[in-house]
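Reviewing the structure listed below.
Note that the chains take the letters A, B and C in the order they are written out, and that residue 1 is the start of every chain.
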């Protein structure tokens, strides 16, 4: 019985492996001796992406589509799909888009990346989350695949990798930006920080914020942390912040825990100024959220879904039509990434029959010359180290909408 | 072949099968037949196979449910990364560094296994299970608090349990390098793990486990599993034997973790949570308790399954769940068993465990 | 004063854990299985009542009843399809099946309700019409206990007493205890074991729905993974108090909530989880069968 079963299992296993690896690999490809471990050093230039015959660029994307962080991946993929469809509808350059799930996990991100390379990916949108982006970009660097991540904001994502660019603000950028803004406009407040210490994004911003706050002479009276496992209850952290007399609460966190904090602070009758970062965007559009709770919340964000410009309006309308939700900042980032890549590909004269490595070199040069106006900022430019330069704008929530502060 | 004991023959077949797989995969990769995604899966598969084997020692052979096995993997992974990164200059040879990392990872995980085993092995059943879960989660959180850097003066370590310190508090010199940044995990690790190292580790693990099982110690451990009181009454030292199995299991998980950690340039402690422990437990149970060959096959299959289902997009994990339930029902429910039993005519059921 | 308010927030959080743990421990006591899918039933309960309120315009309490009804049916179906065929199998096989069910529920929820979190409206509004917090104020307003917390604590006590009475007095409750002691003997006494276990699952799942509503009233973001961590917490709580014991689950839940709050307040917010687990380990070393669990000596 067991023998029969194990034989059967073994058979399925071989089939599965074959299905996983079969077919898509072009015969001409020179396989790196250890591409699985990506140990060989810089840019040996072994291109693995095949030239696409159909005359369309192959855009691969990886982000969390299941699990805790699914909301970010889904938002990026949905919006990127809109951008791709718009571009394809124009005629001219066509794009094939292939989103893959990486569960916000470095290991799965490398798997997703490899799957995409088998498919023939030429340019990568993503990975969406920081940990995944660091893990996959190391492999992409060796392969020379150009990546533009919509939202992986740590500086480690781009460090020492010339093929990796970001569309979002870096964490230090946000931390210093917020501290500078507070020092300039709201100095003299007692500041409490609540951040998630098992999350790279949150901790990264907190580190630079505290450093810059000290340099600017701001008074941080309390720092509270939470983890993924304890993000259901903040009454203790809020109680401490309140008893320390903090009247400005800095929240370098995503909007779901922030909504819990707002609600619990309200029920404790604690009303400091809440100051968030771009991860806070989306709080107003959560289904069922009582927007009066967010009254007076300030945040630095590059995108506001109700901004009064045609591009944003058209995008938001389309997104709502397709997915029945209001897009958040991640969606806007995803949309912009596709357009930045499209513009750069057109401008540098890339054609769909080029290999991913050729495209990579062209795009690295091209993106540093690019100036882009999109949903998430005007006059975006990129430096050689992969960082984007765009202005964060401080907004304050009044009557359920963003108004500039 | 015929003269060998049944279990020796069985194990020999397992080893030969493994060697064949090793050769076939190597040849396929050399020919470029194996795609990138399949090649990319090889190292993690090796790690999970070793994890499954080592957990089978605890769950299958020792008979105690452990829900914190990923914790040992985490210890191994992070010590392995520290060793490899800090020896970067001193030992330029990659294979040597990999071996050192796996050894140190195994030793550290073994030490923790011993320390944790002291309280854990006094408990039984579901109480033991929850305590292993608790240790697994504690290990994960403690690693999240670690800040580690290296420079020419040696290692700098801060235990940042209040969350108030940053990388600059490590006071590294100009040439220093940060290895672990708390929640952001180990970034910038040089990935040096290879498939060959993984296969060697599988062979070693299997060899050690099988040798232990058929040794005096192994028989004692299984005697304790089958009837603790009877075992005690014939003079078997319960705690000592359980501890041997538990520490071995932890050390092997540590080695697997080191290999795993050195396969990615970024690794966060949150990876080694309860869900990873459960994942490995599923491999073990599905492969059959105490059945090492089953563990290997189940680990490979179940790891490949979600990757093979990528074309299903949104339904991927749903199908995975359905397959998991279906397989458990098919292999364990009496109706299905009697159905399968019909196909057993003319077959000797002799060498089953 | 601060200490008291931390204590109260710990107790109200602990009450939610306790309600989940009561469902957990019931199922464990009778079916002798660790139902890892219990946390996900909580999530389903939360979503159902959310949909009831948002899309059907139901009153919060009616939505709660709806969620209880749906979860009860869900519990019976899951038990019948996934667990009943494994009645004779090893406990590990059932455990893995439960994990499969947990993945199944989570991913179904992801497909049905999407990844974007829903914000749950608390059963009792946070603030009254004038905008003041809906809370009981004590000691001149320095200490405030929200009515939601009071409701949770009351619900927890009522459920605990109700379950204790049910298992000790009612016919079905006695049948449950009989099944828990010895299934074969119970069958010989004319008890329908399968029905009894189904009823246990039904009750456990209905409690999960209640817990889901209360949990979401405290932690208003509802996602497909909302139930998994509270599920583990409840498992911890049930073991803490002695798994299978109803008062034990109650006590374990409360203690876990209080320890978590105190650890956050006085030790380290980021090690709160570790402190809870460390206390659990110490308790189990002193009392290997949990606080109120019976230590059953092995027969030779």
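In the analysis below, a residue touches a chain if its C-beta (ideal position, glycine included) is under 8 Å from a C-beta of that chain, and two chains touch if they have at least 3 such contacts.
All of these numbers come straight from a predicted model, not from anything done at the bench.
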From chain C, the most remote chain by mean C-alpha position: A
Pair exhibiting more inter-chain C-beta contacts, B-C or A-B: A-B
Euclidean distance of C-alpha centroids - chain A vs chain C, Å: 35
Averaged-CA centre spacing for the pair chain B and chain A, given as whole angstrom: 31
Multi-chain contact sites of chain B, meaning residues that touch two or more partners: 137, 141, 144, 162-163, 314, 317, 331
Multi-partner residues of chain A (at least 2 other chains): 65-66, 197-198, 225, 227-229
Shared interface positions of chain C, touching two or more other chains: 107, 110, 268-270, 273
List of chain B residues in touch with chain C within their complex: 59, 65, 119, 122-124, 126-127, 129-131, 133-135, 137-138, 141-142, 144-145, 161-163, 228-229, 274, 278, 281-282, 285-286, 289, 314-315, 317-318, 320-322, 324-325, 328-329, 331-336
Contact footprint of chain B on chain A as seen in their complex: 1-6, 9-10, 12-13, 16-17, 19-25, 27, 29-31, 34-39, 48, 65-66, 99-101, 105-107, 110-115, 117-118, 130-131, 134-135, 137-139, 154, 156, 159-160, 195-200, 202-204, 207, 210-211, 223, 225, 227-229
Residue ranges of chain A touching chain C (in the complex, touch as defined): 65-68, 70-71, 73-75, 197-198, 224-233, 235-237, 239-240, 243, 256-257, 259-260, 263, 266-269, 286-290, 325
In the complex with chain A, residue positions of chain B that touch it: 28-30, 32-44, 94, 137, 141, 144, 162-164, 166-168, 182-185, 187-188, 190-195, 260, 263-271, 288, 291, 293-294, 297-298, 300-301, 304-305, 307-308, 310, 313-314, 316-317, 331, 340-341, 343-344, 347, 349, 351-353
Of chain C, residues touching chain B in the complex: 28, 34, 36, 82, 85-86, 88-90, 92-93, 95-97, 99-101, 103-104, 106-108, 110-111, 232, 235-236, 239, 243, 268-271, 273-274, 277-278, 280-281, 284-285, 288-290, 298, 300
